[in-house]
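You will see two complexes here that share chain A, one where it goes with chain B and one where it goes with chain C.
Up next is the complex of A and B:
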């Protein structure tokens, strides 16, 4: 451990050289920043991890079953487990996907589940990310660099090897691919906030990194245009572009990023799209409330992981509670992500509180309220080289191909300033390596 | 772009002619509509699509066992607020059966709005029209759809052709518990005869006559002409 901390500067220099950056758009200006890395790892003991792993697999299985159901029989709505207001009216629900079964019936191939550990050591799920969860490349490269800077550390500590993420992805992509084409990772390009990750994952999975304009659809097949304009058939696309920009003919017509008629090829079952279209309906902050119910409904099991205590103003009882207690709650806009649209009642002026109450009264479906979870602090080394506590969460990566597996690592993010509870990298936070211990 | 085939509409002949000529593929979209797509990637100064054919029409009823619940949910163009709900409840009461409700909505929407050409655009939604009280057939249809959905009726947008009009027309289908039936709020009538259906969807965004992309530095001029004759 000591060697690791001593090698801190070397690690940071190397990370910078590898281009571990994160792009942030602020007021329309693109700024690239170093994604700050802290050398003290988060350690998760083996028994704790075993429980987490089971819970995550269970949760992601249920979410996949929910996505299939909602675009096919819609049993869960017809049986009254989830009100229709939270499914068909969700911004993430895509009517165009109705009746389409994606390759091998997998929707959420890569799920990023955000968790926190409260002061009693209980793990709570804060959010499910089933569209294009990013972040796996950061702990990957951090481990690689720290291993180089301080090999001794990994001989002395029994840390689970996490160098298999590329293989996990590769295996899943090969399974989704019908075997008649290549695998590609489709990036919007150099100015995307996670471009580092796109290129790094392409390298690690052996997939072709495709840019807008590299893919065309002909006769319901997707082709990659290679050297000398030769066309190679594509069997699976790990796309890093959101649904609405993927096909200008099916969705947002002004998108220049997308692949015209991709939807048609997808519908015909000629290409696997990772993650599937229309997943937004299942990681909506409103539907989050119902995930434990999904677990019981589809799997007939007790949910292993619980949610943070959540209230939906949509239900009368919860509504009254929220209006009464708004000051101690955190209010979230269901349609936002990346730490945007999150408001803490205790930080608001009385006028702002009234405004927020009115917003909730006007459109109850748009908001959720949660108790503020007092989650644990982990030490980081601050600017003055002193240990200093910060709020930390954990994004676990769950990959579903033939089977559902959890990557034995994860992205531990910490907030930039000591008093903040928001850890999103788009809000200026940093990250730590996550050690899953073998014993 | 071509009339659809279903139990009330038999397509006897259809032709699609595209200039400059390119490969066209036929497929179906998520709503069950037929779609023709293709691309032309050389320089051109015009692009013409001519779709022609002969259709035999029967009575306007489309049986369906379980309609898709998305036709109950507000969509991008048919979103409504509380004031709109109050307006709808002023002439629809809970005791009415679904056909009576539909007819009440049909007449009230027609009376409430004034037909005015070029008063709206293709991004106008039902609430905009509800406030401005004027629009074209597309807007009449959106207001009627919003009104139906807010009293719990399945309603969907239909794009098609009608006798005596030089452009495509829009009307509404409402589900009565066993069948979809047509209502034309622009003309204030139940759809019976002389309507040729092309496509349907949750609102206009789901079933435009055409969409696509043109690359290049030029002005675009779109012309649509339709001719429908009784044989």
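Up next is the complex of A and C:
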């Protein structure tokens, strides 16, 4: 490990030369930044991983079943397990998807499950990201670079190889594609914050990186337009564009990114869309509360992974608790993502606390409240080259094709501010490699 | 598997090939110009011949040494080395999956260095030698990893730019013929990428004796060269 830490500068030089960046818009200006990488990895022992793996597979299976159910029979609502206010009124629920079964009945092909580990070593789920979770490319390329910079470290530590993520994605895409045509990764373009990832995953999966304007729909089939307007049938689209911008004729009419009539092709079962349309209903922060109940309902199993203690002001008992204890809770706006809309009661002035209470009273469905989980710190090497503890989470990637598999790694994000719990890259956070130990 | 390219990507590949070659040859010619200036007699304007051949207006408002620095680092001068490298990157950035991260990394290195040297107002041209080295490594990586039409488009771009710069700097015709014969091979394997009529016209002009006799004749052959490839 000492060798790896000594190679820190070498690692950063290599990351820079591979263009490992993410884009940020500030005051309307696009800037590319290096995603700060810390060489000290998060290590997960094999037995701990085995439990996590089981729990993640269980959770994603239940979420996939929920998505099928909510766009078909709606049993879980009819049986009173989830109130209808949390499904049909969710921003992520798409009535256009009602009755559509995506290719191979998979909805959440790539799930990014955010977890933290509390001081007792318990893993708690913070969020399920089932639309377009990003971040896998960073630990992938970090591993490639760190192995190069410090081979001895990897001789001395039995770490599961994580450079197979491209193969996992390709296998899943081929399964969903089912021989209909080529696989494409559809990017909104080079000025998207995650463009590095889009292009790197295209390289690693062998899929064609498609840009807005490259895809057309004819006779309910999707085609990629090649040189001399030659058309190549597309069998699977791993889209990195939000639902609402994917088809201007079905969703947001002002979208210039989308593929007109894509929804028609999808509905006809002529193209696989990864992840499926309408998944937003399952990664709504309000629905998160119900995921352990989904596990019991669909799988008839005890949930292996727990949520962070969460309250829904929608329920009277929870509402009263939140209003009374708002100062010690973290309040989250269900419509926000990327670390936005997260408010810590302890950091708010009395006036702001009153404002937040009023917001909750006015629209209880819009908010959730969670106990502040005192999750463990991991050391990073700070700007003065000293080890310094920071809050870290873990985004685990679960890929579902023929089977549901967990990638033996993950994106460990850390807060750069020693006093902050917010780890998102869009909020200035950095990342670490995640080592899943073989022994 | 055959790589499938959109027209935009084909265009980016062609222009990546062109800019990478322009950067390489420009640096080579800059080094030569710096060397020649050592012997320029008092009273003559240094670098003016170099700048004019690149169609840079030589202004009497500034010294040509200053204009030469602008020709290296100014991001707003479209013919500057820095602009050429920025354009290399603009094309390469959408092509990672076609050229692979290893090839891409050499472009990234060139871009980082030119920016750093520009910030430092570095005037010693030997400090830019790594750009030449990385561009050679870039082409080595391309030859090692890339095949088919992706390779053809990059190489056609490289050869067209090579010819363009050789014509601008009035290289011997035998050198031009040598490169043109390499382009002709691609006209056989990738005919849909070329305008046959323009290519024939160019070949005829190349045979004539007057290509360097006037600015007009040079501009004409350059104009035809730049319309041969259809991407």
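Everything below uses one rule, namely that the second predicted complex is superposed on the first by the 439 of 439 C-alpha atoms of A that agree within 3 Å, B and C clash if a C-alpha of one lies under 4 Å from a C-alpha of the other, contacts with A are read in each partner's own complex, and residues count from 1 in each chain.
Note that a contact is a pair of C-beta atoms (placed from the backbone, for glycine too) under 8 Å apart; a residue touches a chain by one contact, two chains touch by 3 or more.
Because the structure is a prediction, the values reported are computed rather than measured.
K.L.:
In the overlaid three-chain picture, which partner chain does A:199 touch, first (chain B) or second (chain C), both, or neither?
P.N.:
The answer is second: A:199 touches chain C but not chain B.
K.L.:
Output check: A:190 vs chain B and chain C. Expected answer is one of first, second, both, neither. What do you get?
P.N.:
The answer is second: A:190 touches chain C but not chain B.
K.L.:
Looking at A:19, would you say it contacts chain B, chain C, both, or neither? Reply first, second, both or neither.
P.N.:
Touch status of A:19: second partner only.
K.L.:
Examine A:211 and indicate which partner it touches, taking first as chain B and second as chain C; both and neither are also allowed.
P.N.:
second
K.L.:
According to the stated criteria, A:98 is in contact with first (chain B), second (chain C), both, or neither; which is it?
P.N.:
A:98 sits against chain B, while chain C stays out of touch.
K.L.:
Find the residues of chain A that appear in the contact set with chain B and again in the contact set with chain C.
P.N.:
On chain A, no residue contacts both chain B in one structure and chain C in the other.
K.L.:
Hey, which residues of chain C end up touching chain A in the complex?
P.N.:
1, 4-8, 10, 93-94, 96-97, 100-101, 104-105, 108-109, 112, 149, 192, 231
K.L.:
Residues of chain A touching chain C in their complex?
P.N.:
The contact residues of chain A facing chain C are 16-19, 141, 182, 190, 195, 199-200, 202-203, 206-211, 213-214, 224-229, 232.
K.L.:
How about chain A: which of its residues touch chain B in the complex?
P.N.:
Listed in rising order, the residues of chain A that touch chain B are 74, 77, 84-85, 88-89, 93-100, 219-220, 248-250, 253, 260-261, 264, 267-268.
K.L.:
Touching chain A in the complex: which residues of chain B?
P.N.:
Touching chain A from chain B are residues 23, 25, 27-31, 35, 37, 39, 68-70, 72-74, 201-202, 206, 211-213.
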